[in-house]
Amino acid sequence: MNSSLYECLFVSISLGSAVKMRSIFIGRFQPVHKGHIHTIKQILDKDEDLIIVIGSSQYSHTPDNPFTGGERVMFLRRALMDEGIPFDRVDVIPISDIHIHPLWVAHLKSFAPHFDKAYSHNPLVSRLLKDAGIVVDETNLLDRETYSAKHIRDLIRWNDSEWESLVPEGVAELIKKHDLDKRVQEVGETTTKR
Amino acid sequence: MNSSLYECLFVSISLGSAVKMRSIFIGRFQPVHKGHIHTIKQILDKDEDLIIVIGSSQYSHTPDNPFTGGERVMFLRRALMDEGIPFDRVDVIPISDIHIHPLWVAHLKSFAPHFDKAYSHNPLVSRLLKDAGIVVDETNLLDRETYSAKHIRDLIRWNDSEWESLVPEGVAELIKKHDLDKRVQEVGETTTKR
Amino acid sequence: MNSSLYECLFVSISLGSAVKMRSIFIGRFQPVHKGHIHTIKQILDKDEDLIIVIGSSQYSHTPDNPFTGGERVMFLRRALMDEGIPFDRVDVIPISDIHIHPLWVAHLKSFAPHFDKAYSHNPLVSRLLKDAGIVVDETNLLDRETYSAKHIRDLIRWNDSEWESLVPEGVAELIKKHDLDKRVQEVGETTTKR
Amino acid sequence: MNSSLYECLFVSISLGSAVKMRSIFIGRFQPVHKGHIHTIKQILDKDEDLIIVIGSSQYSHTPDNPFTGGERVMFLRRALMDEGIPFDRVDVIPISDIHIHPLWVAHLKSFAPHFDKAYSHNPLVSRLLKDAGIVVDETNLLDRETYSAKHIRDLIRWNDSEWESLVPEGVAELIKKHDLDKRVQEVGETTTKR
Amino acid sequence: MNSSLYECLFVSISLGSAVKMRSIFIGRFQPVHKGHIHTIKQILDKDEDLIIVIGSSQYSHTPDNPFTGGERVMFLRRALMDEGIPFDRVDVIPISDIHIHPLWVAHLKSFAPHFDKAYSHNPLVSRLLKDAGIVVDETNLLDRETYSAKHIRDLIRWNDSEWESLVPEGVAELIKKHDLDKRVQEVGETTTKR
Amino acid sequence: MNSSLYECLFVSISLGSAVKMRSIFIGRFQPVHKGHIHTIKQILDKDEDLIIVIGSSQYSHTPDNPFTGGERVMFLRRALMDEGIPFDRVDVIPISDIHIHPLWVAHLKSFAPHFDKAYSHNPLVSRLLKDAGIVVDETNLLDRETYSAKHIRDLIRWNDSEWESLVPEGVAELIKKHDLDKRVQEVGETTTKR
């Protein structure tokens, strides 16, 4: 894939950057897994520049959002670097969730650089984007049951090391180095501060 | 019913508007259904002017709150107009939910014109209003299982056209004209942006 | 004016309501004054239906926002009634201020029924609306120095009864009846709770 | 226990207050029960001064948070007074929940006087405190199944007077005197304002 | 004064606590000064128990609110202790400012135990309390120009040690011990994070 | 400078990335100017990787914050690209302002990847960071009166094209291409929506 990526890049430079599309891809990345990377590569292979938006970035230490926004930025950068993806084609933007759907697209547009197109496999996000007049595109998915952040958090909680094979190697390393797997286990059962 | 309504109106005009009571009726109206209209008519028939408050107005595109505050204002106006209810007797006020119960009555009072009495069939709302010293009155209900917004949203989700018979004709028309039934179906299963 | 209004109404009914435009007019109405009524009449005279949006509705008891959202709804209804403006052509919607400009138009659209056009004499509002692709129209202004809510609040504060001539008669009556002029005076000098 | 408490106090006064530790104990106290008092006594017996923090203080009238922050302050003061615990050793601080875990410890530190150590039996709170570099200590628990605020709220809801034996006598008295048991029953089944 | 205080206390105990009034006194205490103590003593001397509410408690590090809520709790406790005021007659409750005046009294009531009367020298607070039906009482003021928190912050900023004579001795000690005078100086000129 | 930068980079790669420091630099970048670039280059020249944090990112269309968070990300990326600064050494993170100073450092840490050191010329930010135990470093400043975002906004407002010489060429281009200079002029005088 990397070679085709570089070819694309080469072509786009020869043709001038004016014709480049910039797309946006939205996720919570709790944590980044190989399915995310698969999607990112497909978009870059289509010669579109990419803004990766990390949603619900203000949350951490909950069963569904164990990692902070900053940790998720770290995961993404590490995974992109390990894949040899050129950083000048990719922005990583953490944004807070505002919980008010009719404002969400305006919120997204205000935090992200201008974009031409969006990617999402989530029907609510697609609906909100389309209602706001934004073109929504799709990519192929790796096996969705397996490459699912929820499934990976469950595996970590159950102490099943299979999770390490589902995320990029560098991400697994970061999680273990910072004891974040322990955090996933500790916050797994309790969501209320008492 | 309309004739008794007009008689009431006539009487109240003859006696002078000074003796008129103004009541408040609170709902989420997701969507407006015939049970709501039944309640509204009963209150107006008692010769009370009415403030209809649309709660949780900031939300839309969720399974429980699919329609925006503005869409719900539109539903109510259309239904009132079709019923021939005079607009000079009815205010429609959308308010945001603030999620902090001890502040809720103060919030309600600050967004609504002065009122003398409130109507509610919900025990929590009644309790909050009574705790704040407000008189709470009741009306007869149409069959509550059937004329329930939750039930209507479910019917829309299941593609069962029975829902159209449970809401005022004009409301059904608006929902279909703006493809809002499709929105109900699309947001039915997903509540998290990813 | 009223007669031309009724003529317009007649025409629009004969032609069918499908061709009617619905416009939005945004203000804080602290308080409603004759300049506002002048604008409202011009818009209705153009045979456009109207949504009047009361901005910053959550605030009261401050020097710039002495009146609650609900009091301002009351002012507007009274003024419209006294002018004989038919309520089926006008919505009055109080909305909270959200203080985040890039989200403001989305917020407005979510609380108001669908509209085709907006009126504003404020350059920031015009800019925000135009940036969101909304057509912004204008009306003639009464003498802006005199018919200004800020000027009226100052007159009330200085105990100068000239203010009563600048607002619709019914509004002056409501303000005095509910001692709201005293509130304007009391909150005039202090903005911090201590 | 009280006698040992006074002995501790005596010693600490002789040695000077400079060597006194100040600990923090966090709960929601919905309502205060004998398990809480058991923990408070153990901490004071170790000759540590205590800040009792009432979490989620902005909430009331919900199934999980029926009592207001102020009512919970009242419960705690009454229970401490009945136990003869000297108020100059104990602060009671109600704080709002902010729902954003990575900010929670900073929020806690900003509302509470300086503290040296924290007590918690909740794994999430312990994790958040430890992640912020705060020492977390533990106390023995009374039978956790029985002395649980959730269990007590359920008993009140089911009209089972056994709940009165699980809370300090003065707290039971306050709850019944202010009809708060009725509120627990009324808000038990409904969490949405409609 | 202390002797009369103890006499009051004696009388109130003989008569039973049922007849005791509980009053509320609201301030920002940035910082606590001798004027505050003067007011607190007058209220206690009238044999009323007291809830001291620290407003705007979420703020610190600004020119007007340099000290955190927790630091202000510390100031008050130290000053009360040094004056020999019995803690079982006084609650100290920090509350956040909510910036929405029509909700403020409901917010106050929800965080504080039940109270019968309020004290304030601020016209806005008096107005809000009276509008909500609460009795507002007054006390004599020490020279208001001198015993003013704003004046004291200015003196600290100008490095004029006169400020130490305007606050209780223990409070001056705490401020200097924790270098809080330096913080007042550093945040004095800048209010925006850049 | 660029050549020394590359030498630094070379050395750091030979020594291994483990020894690399990561620093954080906080600004509002309204807009990015040559003073910012001067600071960024100094930090990178010290062989520290850099996280650039764009503060108050939720705001736009105000006199002090005319540009959206996303536009400022665009400015920074363009300026960094034009300077030949390698993107794998620099993160650009827009964060919302939370207006509560005691929580601000926790908020910053939660949105940014781990960092070792911070840069700031603002005394309040330095104080907040130091209070939270973070090392604060400094860089040399270009003439601060001239290379000031406030001064640049004023020049744009006054239609004085000198502003173009104070910002990187690519940034001036973007501002003019998207008519953002016109926005600065339009929002310059009005800050309230009416």
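To keep things simple, chains are lettered A, B, C, D, E and F as they appear, and every chain counts its residues starting from 1.
Note that in this section a residue touches a chain if its C-beta (ideal position, glycine included) is under 8 Å from a C-beta of that chain, and two chains touch if they have at least 3 such contacts.
Fair warning: this is a prediction, and the values are worked out from it, not measured in the lab.
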item: Joint neighbours of chain C and chain B, given as chain labels; value: A, E
item: Same vs different contact residues, chain A with chain B, by half of numbers used; value: different
item: Option in B-D, B-C or A-C whose residue-number contact pairs overlap D-F by over half; value: A-C
item: Between A-D and A-C, the pair joined by more C-beta contacts; value: A-D
item: Label of the chain whose CA centroid is most distant from the centroid of chain C; value: D
item: Computed distance of Cα centres, chain E from chain D, in Å; value: 24
item: Chain A and chain E: spacing of chain centres that average the CA atoms, whole Å; value: 49
item: Intercentroid distance (Cα basis), chain F paired with chain C, Å; value: 40
item: Residues of chain D whose C-beta touches two or more other chains; value: 58, 60, 68, 100, 102, 109-110
item: Pairwise chain contacts under the document criterion; value: A-B, A-C, A-D, A-F, B-C, B-D, B-E, C-E, C-F, D-E, D-F, E-F
item: Chain E contact footprint on chain B (complex, rising order); value: 100, 102-103, 105-107, 109-110
item: Residue ranges of chain A touching chain D (in the complex, touch as defined); value: 58-62, 68, 183, 186-187, 189-194
item: Chain A residues within the chain B interface of the complex; value: 26-28, 55-56, 64, 97, 100-102, 104, 120, 122-128
item: Footprint of chain F on chain A - complex, ascending; value: 57-58, 60, 68-71, 73-74, 77, 81, 86-88, 91-96, 109-114
